[in-house]
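We just call them A, B, C and D in the order they show up, numbering each chain from 1.
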């Protein structure tokens, strides 16, 4: 068989581990040929690719990023993109395509699958917001990086009697905030699923100080927003250039909390470190298993499907199911964490 | 309510996180009183304990070890141990006991539960060999430590054209070897579940050198054994003092492989570093959830049960089920890893 | 003897290691009594302290922060502060004070020393900008944290064809930028000692892209500023609230570079993670040695001095020398790094 | 100019950083040509090499091992080796050779230098035992790895009331034991420079238990030996095969201490993890500076010299001085550590 693989969307620790696993399983065990498209769907649309043999994937298992590059280009963005993709698949004699990507990528995968292309998707997101799978690779690494940062920040907050507001990734869902906040023992966790009331947040933090504690750590998802009418809020505060992108929710929360509590409050925005670098052992194992099972799915003709983790098993679920809705943090997980507002 | 908690058996990253979680949930949310027995069942049998309030568990979430101490004492070891335990539970007015431990501890928990004591167990093992739960806390940390060591060892092996045989924990099951071996891209993984044929192992490694590769990494569980009749083997090689405990399977494999392959082979025995120190974020979250749900089980009177992870949910399973058999690595997981002998 | 110890100024990994070392040396080896003032000079001025015995410092060697707390209060801030300090030293029967702190703290130490108090200082700064010592504890940890972040960010930048501008600590000196930039292989390093020309920086980065590279990493000290007249620059850009503190040089550089290069540029501000948490082994050894030698200095009556590292030796230098000027990055260190503008 | 570079001897984190730095400085700044010999001196003797341009060293700064490979072959081992080396240097038109290695390599470098070859050495050893330089790259990484292991082991020892005897590298000198032991707060440090008295060691550890402590950590260099006549000792205990290499001093100490103290004692031998993998930021900076200055030395014709760190400066010292004697731990460093026997 001849299989094409591509990585699309934002960076995510484990992408290379999937690529390597696909190549190992396909080439060594099935005697397949594997090609890798450059820069995501862009490579497919522009027929820009290279052959992936064992040497090409040697030493990449633990490496961050993707040797194939990535982009945010989607076939649907391009007039005639789907037809072009079909044409190139035919020209290249491909028996299957394995796109590795997040929500947008999987939607594109579904589109192409519906258009008749033989596709097996591999879900990828550090945000953990793809439904139909217990977890995706990249999430554990993001949580680990955030937790290590929180561990470091805690001692500073304690020694200096401060409130630290730590902004972690998560535009639509609070998974990283929830897990890193639980792992680091944060005193409040603010997630997009539950718009916050600033007065309530201030009360929670204030109670700690009243109880004689000298510091507090608040973890907040970048996508968290105040309950309507409770706080003046700019979802993209402007900087001196009039750009909206720099000021995040942590900045605004720290100003508000400092004023309300009369305690020094400081924002820390962890940013891109959460989505780069060496994947954790957990993510490498999961990514490797996804790659292996994607090749198996190809050989069993199970197209239009996506690999998924269910318990300890890797299964296949329809692409159609996977992209229907975001997987948000369920209410009982908040209760467990106790400190989710 | 009045709840007693204890930690028993070998060290395991996450024990303190469970203790802290039990205290938080019980004291803050239910207004319970919690006492901690010292050194496992020993503390219960000797009525040696201390009160655990919020201050007592402050700052322990990320700390390795157990603030309560541990021992390998089991109530059944002691003549009249079960009766003694019952007596102390009555004297202390305990409404529940939450023992945190591995197979032996959970068996003792079942014994005491059958004898009428109100018990909710929390499973603990770095080996991941307790059935009825997808995974136990401590395992992810052990795999992470082993993987980091393998990452380091790989570059040395490569630069010096060696075979490194790395012995990881796992007396009866190969979970740590499987996961760390997959995560680090080991070239052969040897597990207790599949007695190895030394000739076959030598052939696998030898093939790598024939293909022009300059090194190989073999990961082996401490409990791995040769297929009968294939190799002279001492399950506990003696040292100069006649003690059997020091020489492990890695030592013997390295001697054999060096002779068979004519390549320098070196054993590395990772040892206790795998079971100590700060738990990973994953293990802290799991341990915290286990503690939370154990208290909930107590308040719902669900005695004779044990917390368990199923998918992304924490559930309760009968202690009786949990200790019936070891959870060994299933065959399809070997196939995925490819390099398991 | 009776010795008072205090920690003052910003957080710095290794503070607890110094405290522990002072107590160990003084109590175990000299049979001294040690008291610790709370929250820096504030504790001395308010006579707020506690006794420090071996138990009090047990387990703190590797812990971030300071068990004594810190503040930015200086005796000179307070009318009659120096007299008050002298009074309390007399009242408490102290034979020596060991203040651990940065430039401000050491200046205060000198002031008090000149006023006749028996003082031996221990220098502390993650910025490495105290002269008279080769290096201070905390610096290695800050560089390590920054380097790990840069390692992670590199793969993301590469996969996504971006310029990442990473802001590290260093208000007046570029030591952290220089070392972390060298350690991570940054493509440009911008330091306060050399006001930058934005056109020149854009040219350096642009040349990389012309050479076919797909990403660039720029490390910039928080205190870096443009050469006069070369770029509109706000040393404290305002946010929606009119607060100046959030927008740093990295934000402004990323806007400028994106416009000039036509490449996606993103700022990452590492922030407080650089100054908290577990110290590196290097910093623990240095901090421990500083504490040991501070006690020795006390017992030899070498007051008005500060511990310092020279080569591999710990020596004593006059407090007067230590605080005369900031230790900036010398020109030949730039040349070595090559990529310093 | 045309420069040859090679790496020789045991693995050491930072080798690739030196190679990269040599190539960057030579190629970019001086327009030199650089070739890399394979597998140390062997490559020079067999004229086995490859060209090293910027692409060849891209991405290797943080990678462990050496892209050139290494071996323990020395020119003097080979009849006519020196003449052969001279011949190849002439044939290849080399203006300089930069060998990167430890004591043996530097001795060979001196031999070849005395024979008229243009050589600038770069010292390398995780053991830190090369005199004339404050420190060598690789040492900080080894200490860091050992300290992280000790941090992990401490919690296990504490929870289980054990003595752990941790063997670290250091055949002839105790630097790694001293620094990691100080960094981790070990309770006894045993080094080769001071043959130990087992009774004295047992007394030191025993005193801890008498004082109510529940565990002890002993760090021992692999090359440590008992004072003559104080303990039966096998410098290479035999395993079942009659091989001497597996049983180390930690094994023997743990048997002895267990017997003398009546406490459970366990050996942990850290082994090769200390010398492989990603170098610390400190080692990357030092290695990069060494490479840079080696090229400068070549361009200034300063042959027969070796790069060295003195304080914060990189200087050049005669190869002859560097290899005259091992740098052992001086007595005052023991005193500081207090717990060195």
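What we mean here is this: a contact is a pair of C-beta atoms (placed from the backbone, for glycine too) under 8 Å apart; a residue touches a chain by one contact, two chains touch by 3 or more.
Which protein is which chain? UniProt says A, B, C, D = ATP-dependent 6-phosphofructokinase.
Nothing here was measured: the structure is a model prediction, and the numbers come from that model.
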If you apply the touch rule, which chains end up adjacent to both subunit C and subunit D?
none
Taking each chain's centre as the mean of its CA atoms, which one is farthest from the centre of subunit A?
D
Taking each chain's centre as the mean position of its Cα atoms, how many Å separate subunit B from subunit C?
41
Where the CA atoms of subunit A average out and where those of subunit C average out, how many Å apart are those spots?
34
List, in ascending order, every residue of subunit A touching at least 2 other chains.
151
One finds touching chains in the pairs A-B, A-C, B-D, C-D
Name, in rising order, each residue of subunit B that touches subunit D in their complex.
7, 10-11, 15, 63-66, 69-71, 145, 149, 151-161, 164, 214, 232, 234, 237-241, 243, 246-247, 251-252, 255, 266-273, 275-278
Residues of subunit D touching subunit C in the complex:
20, 24-25, 28-29, 61-62, 134-135, 140, 143-144, 146-147, 151, 179-180, 182-185, 280-282, 284-285, 288-289, 292-293, 310-312, 336, 338
